[in-house]
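Read from first to last, the chains carry the letters A, B and C; within each, the first residue is number 1.
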Amino acid sequence: MTGRIVGFCCSYCGYASADLAGRQGLEYSPDVMIVKLPCSGRIDVLHILRAFRQGADAVFVAGCLEGNCNFANGNYEARKRVNEAKGILESLGIDPRRLEMFNVASNQGWRFPRIVEEMVSRVEELGPSPLGENG
Amino acid sequence: MTLPTGSEAVALSSPGRARSRRPRIRPEKDLTERIGVFLCRCGGSVDGRLDIDAVRERVSSMDGVETCLVMDYPCSKEGREAIIGAIGEHDLDRFVVAGCSPKVVDERFMTVARESGVNPFMVEIANIREHCSMIHRHDEATSKAIKLVKAAVSKCSLLVPAPYARTRAEREEVLVYGNGMSAMVAVDELLSEGGKVHLVVPFDPKNLVFNYHDGITPGHLEAMRDRILDSDMVTVYGPGSVHMFQGDPENFRALLRSGEEWKEIGCGAAIVAWEAEEVPPLSVDGVNVITQADLEHLLEEEKVPRSTVMITMFEEDDPYPGRITHIEALRNALRIKVMDPGAEVTIVARDVLAFGMRELDYIEAQSKGVRFVRTGSFPRMIEGSPFIVVVEDETIGEELAIEADLVTMTSWDQPFDTDHIGKVFGAPVDENGYFIPTQVKLKPTASIREGVYLCGTGVESKTPSEVVLEARSAASRAMTLVRSEIERGGAVAEVDPELCSACLTCVRSCPFSAPFIGETGKAEIDIGLCQGCGICAGICPSKAIQLFTSTDDQISVQTEMLTGGRDL
Amino acid sequence: MVIGAGIAGISAALGLAERGIFVNLVDSDSAIGGRSRELSCKGLDKCVRCDVCLATDKLLEVGRSEMIRVLRNTRVKSVSGSPGNFRVTLERSPSPVDEGSCNACGKCVEICPANAISPPRSGIPLTYSIDPDACLWYRGDDCHLCEEACPQGAIDLSRKGSTKRMQVGAIVVATGFTPFDPDLDPRYSHDLIPGVLSSLEAERQISIDGDLVPPEGTSLDRLAFVQCVGSRDLKHGVEYCSKVCCKYSMGIALLLRALHPELEITFFYMDWRPYDLKGEDLREWASRDQGVRSIRSRPAEILPSETGKPVVRFTDAGESISEEEFDMVLLSVGMAPPEGLEDLAERLGLRTTPQGYIETSVERPAMTSRPGIFASGCCTGPKDIEESAMEGNAAAGEAASFLEGSP
C-alpha cells in the first residue's frame, strides 16, 4: 500500500468514469477510495483539509469536462475551491501537489486509472503526508 | 393564493415559489436511528472476488447497525421483499445497500424505501463492485470494501428525512412566444397532442409569412397559421409581448401585454420559438443584386433571369455561410433550369454545403448544366449591363469573368430582441444574440431553465425542414412535461437562516436561480427550481447552506472512515 | 413498442414512459445503447459537445424507468393487426453467456482459440459476447472450450431461443444505420494494410485506450483522413452525403492533435461540410498550424509501401499525381440504411425512400406512410446524435397523441 488517497467524484462524470473503468476490468491501486458528491461544485475547502487532517496522503476532485457540467458551472467552482485549498496546504507546509482537480468524461473509462496512477506516483514521490496518521 | 392540489407531501405555497419547509410527510415512520445493511453477492461479481462474509462481520458490529444481511440480488423482486421484511422486523428507518453502482440501482431502492415507510433519501448505496471487486485482488478488495461500507453506514447514520413531493401540472396550457415558422409548427404539434396554447406574437399574427419552403408543400404553413388562429384551443395575443415569467415547471405565471391590455396567465411550460431575421448584405441593390428569397419570389412570378450568378459566400471572413444557403441556391437553380433549360446558372462557393440527401439536388443540378465554381476568395463585381462577376476558380487556378443578368447574394441571419426575451424567460443568449440551449444532458430544445423550451433559427441557423423537426420536438417535450409527474425536493439545498449573512453569494452562483432573499431578509431556496448540485453549499462563506444528502458532516465522516487508521 | 435501443429509440421510449405509456424496448444486441457505445469522447479537458457521453448517459434512465421493459437479444419476426392493435411476434435468442452467473473473470476470453469472445464494453448491462461469425462452435466445430473453462458455468452455447407474442398500440422504428464497410472499396486497402482504419474503428480504439494506437513497430507521426468513403459515391450506390463525417473527423483530429502536438495531419476532402458549422474552419486551422494540411482531392487509391505503411495516391489541384506515405490513414465511412431495414419495412408495410431509408414526412417528422407506426433516428436518414434524439422526441409525441386519440 502506497498511501491513502481520497477521490471526490461528481455523481455524473467522475463517478461514471470510475464505474466504466470497473466494468471494463481496468485495474488500479486500491489505495484510492471514492466519495460521491452530487456535483464537483459541492466541494468545500473544508472537506479537502479535513481529509488531509484525517490521514489522507493525497486528494483529488474529479468533475466533468469544462462546458459539460451537469449543473453548468459546478466544475469551474470546484477548480476554484481546489486552487484555494492548494494555497492553504502550501502555507501549512503540505506540498500542494498532493491535491489535484481533474476533468473527465463519463465515457472515458480509460482515464480514471490514469488519474489514480498520477496521484499514486505523486504520493510515491512525496512520501506519506507530513500530518501522519490522524495528524 | 390557493394551495396547489394533487401535491402529496410538500406544502407548496405562494406565487410560484416553493419554500423549503418541513413537509407533511406521508406515513413515514418516526426516526429510530436503526440502520439495516444489505450486501449484494451480485452473482459472483462481488462474492467470489472478495470475502463478503468478512465484510458482513466487520459491518454488523458498527453502532446503529441492527441487521447486516448478505443477499443474492437485493435489487430483484425477492430481494426487495426481503428488505421490506427486514425493515419491518428490525424497525429500521434507514438502510445501506452495498453492491453495484448507485447510478444503476438508486431508484429501485428509493422505491423500496417508499413502500416501507422509509424516507427515500435515507438510503445510501455503496459501490463495492465497479469500484472494488471488479478491479482489485481478493484481499485488497475485501479490506477496501469494508472501508467503503463503513463509510456508507456512517453517512447513513447522519441522514435526515428530506422533503419531497410528486406533483402533476397545475396548468396544462403551454405558452408559445414566437415570431415565425417555428411558433406555428410548435403550436400545431401542441394541438395535435391535445394541448391548449397561449400564443404571443410581437405583431399581428395574420401577417406571419414564410419565406422559404425547402420541401414543405407551399401553402401548408399558411393553412396551418389560419387553422391555429381559428382554433378554440389557442388564445392569441398579437401584437403582444411577455413581460414577466415566473414560477416552477408545471406551474408558471406570465405577465403578457396584448395591445393596450395587461394579462396574467398560468401555464405548465413555455416555448420560445424565435426566428432570426434575414439581413441582406449591403451590396444588395434590389435590382441586379438580390437575395435568394427575392429570387424565389421572382421565379414564382415566372420571371426567369437569362443568366444568374449565385454567390454563396460572405464578404467578411466568416467561412460558413449557414446551413440553408446552398440548399436555397440549389433549389432556385434547379427551378430556373426547369423553367428555362437554356438559362445559365453559376454557383460560386467555397464548399457546396449540400448536406445529407441534399447532395442529390447537387447531383441533379450538375446534370442539368448548373456550373459550380469553387473559390477561396470573394468575387469582384463589375457593374454594367450585363454585370460581370470576376472570380478566381480554385480548381483551374485561373480567374473567370462571368456575365450575369442577375447576381444573388447570401443574407445574414440575425436574431433580434433576444436579449430582452432571454432575461424574461431565464434563457441565456450568446454574444451574437442566439439563444443557448442547455449543454446539460442530451436535452435537445431545452434551455437551462427547466420548463422553457427553445426552437427556431434564433437558436441556430437551420433549414426549414430542420425547424419543423426541432419545433415538433420542443412541443413534444413541453407536452410531456405538462402531462407527467415530476418530483421536486429531495436532495435539495436548505439555508439555515441563523447562519445566513445575506451576502447574496448563493443567489449569484446558482445556475438555476433557486436561491432568493425571502421576506425575512435571509436567503431561501426555491426547491421547485433547486437541482441539488450543492454549488451554493460549497461556496457559502457563512456555511449556512447544506444539501440534504450531502452535508459537510456526511462528507467528512466518509473521509474519516476511508482514511482513518490502517486497521479498520 | 420501440424497435431499436440506440439514442433515437431510447429518446422515444423515455418520452413515452414519461407520459405514462408503457414501452417494450426491443434490441437485437445483448446490450442497449446502439452505436454510441462504440464512439469516443472527443474532448480532453474541455467538452467539445460531440454528444457521445450524453447518449450513453441516457441509458441509465432507461434502466430506472418502471414504464420501460427492455427485451434484449430480440428481433421482430412478424407484425399483423392494425393501427392501435398490432400483434407482434418476437424472436428471442439469448446470449450463450448468462449475465447472472458471469463474474467477469475473463477465462473464456483467454481460452477461446478463435478470439471470438469480447469482454464487456459500455452499454447496459455489460455482457461478454460471442461473435457467431468467428466462434468455432457456431461454425459447426465441436468446440466447447469456453463452456468448460468458465468456473461459474455461465456459458451454454446451445441455449435455446424462444418466440414471444405481444400486442401493442403503436410502433416506433429506430433501428439505426449500418456503417459503410470499407472492405467494399478495395482501392483503399482497408483489409490489407494494418495502418488503414475506418473512422469508427479508430473511435472504438480511442474510447478504450484513450488514444489511437499505430500498428506494432511504428509510431504515429503522420496521419491522414480520407473523407466521403462510402458517401457521394455513385460506384458504390451511395449518392448522398452522410452529413456527420466531416464534423466527427474534425473532432477526432483535434483530439489527436491535443494528445500529440507533433502529429502531422492531412485531410483529403471533396467539400468541407462540418454540420454544426461551429468551431474553427479546417482551412483556417491548416493555415495557422503548420502540422495540418487540407487537400481538396478524392484519393484514387491507397497502396502499401515496402514497409507496409499506407501510401495515398491522389491528384492535386494542379492535375499532377502525388503519392504520400503516412503511418495511419482513417477512412471517414458513411452511413447506409441498417441491416434488415428493407425486410422490416416490408413486414410493417412502410414505404422506403429510393436510398433505402424509411420514408417520413417533412411536415410531420417521425410519421411514416402507415398510421400508428413511426420512425426516428438514422433509419430515416443520416444524422448526428442530437438530431436522432430530437427525432426520437418527435416520435414519442406523435405516438403518444396517436395512442391518446388526440386530434
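Assume contacts are C-beta pairs under 8 Å (C-beta built on N, C-alpha and C of every residue); 3 or more make two chains touch, one makes a residue touch a chain.
Remember, predicted model here, so these are calculated numbers, not experimental data.
Participant: Specify the chain with the shortest distance from its C-alpha centroid to the centroid of every protein C-alpha atom present.
Facilitator: B
Participant: Which pair wins on C-beta contacts, B-C or A-C?
Facilitator: B-C
Participant: Taking the mean of the CA coordinates per chain, how far is subunit A from subunit B in Å?
Facilitator: 29
Participant: On a C-alpha centroid basis, what's the spacing between subunit B and subunit C, in Å?
Facilitator: 24
Participant: Starting from the mean Cα coordinates of subunit A and subunit C, work out the distance between those two points in Å.
Facilitator: The mean C-alpha positions of subunit A and subunit C differ by 34 Å.
Participant: Residues of subunit A that touch two or more other chains: which are they?
Facilitator: 16, 20, 23, 25, 67-68
Participant: Mind pulling the residue numbers of subunit B that touch at least two other chains?
Facilitator: Only 103, 134, 439, 441 qualify.
Participant: For subunit C, write out the residues touching at least two other chains, lowest number first.
Facilitator: Where subunit C meets two or more other chains at a single residue, that happens at 47, 49, 57, 104.
Participant: Could you please specify the touching residues of subunit B with respect to subunit C in the complex?
Facilitator: Subunit B reaches subunit C through residues 43-45, 48-49, 103-104, 106-108, 111, 134, 189, 191-194, 214-217, 220, 319-320, 322-323, 351-360, 363, 374, 376, 394-395, 397, 439, 441-442, 444-445, 460-461, 465-466, 468-470, 472-473, 475-477, 479-480, 483-484.
Participant: Give every residue of subunit A touching subunit C within the complex, in rising order.
Facilitator: Subunit A reaches subunit C through residues 12-13, 16, 20, 23-25, 64-68, 103, 105-111, 114.
Participant: What residues of subunit B sit close enough to touch subunit A in their complex?
Facilitator: Checking each residue of subunit B against subunit A gives 101-103, 127, 129-132, 134-137, 140-141, 143-144, 147-148, 151, 439-441, 448, 491, 509, 511-512, 531-535, 537-539, 543, 547, 549-550, 552, 555-556, 558-560, 562-566.
Participant: So in the complex, the part of subunit C that touches subunit A is made up of which residues?
Facilitator: It comes out as residues 40-41, 43-49, 52-53, 56-57, 104, 106, 119-122, 126, 207-210.
Participant: Quick one: which bits of subunit C touch subunit B in the complex? Just the residue numbers, please.
Facilitator: Per the stated touch rule, the residues are 7, 11, 15, 18-20, 47, 49, 51, 54-55, 57-58, 60, 63-64, 66, 99-104, 124, 152, 231-232, 239-243, 271-277, 281, 283-284, 296, 317-318, 353, 355, 362-366, 381-383, 385-387, 389-391, 393-394, 396-398, 400-401, 404, 406-407.
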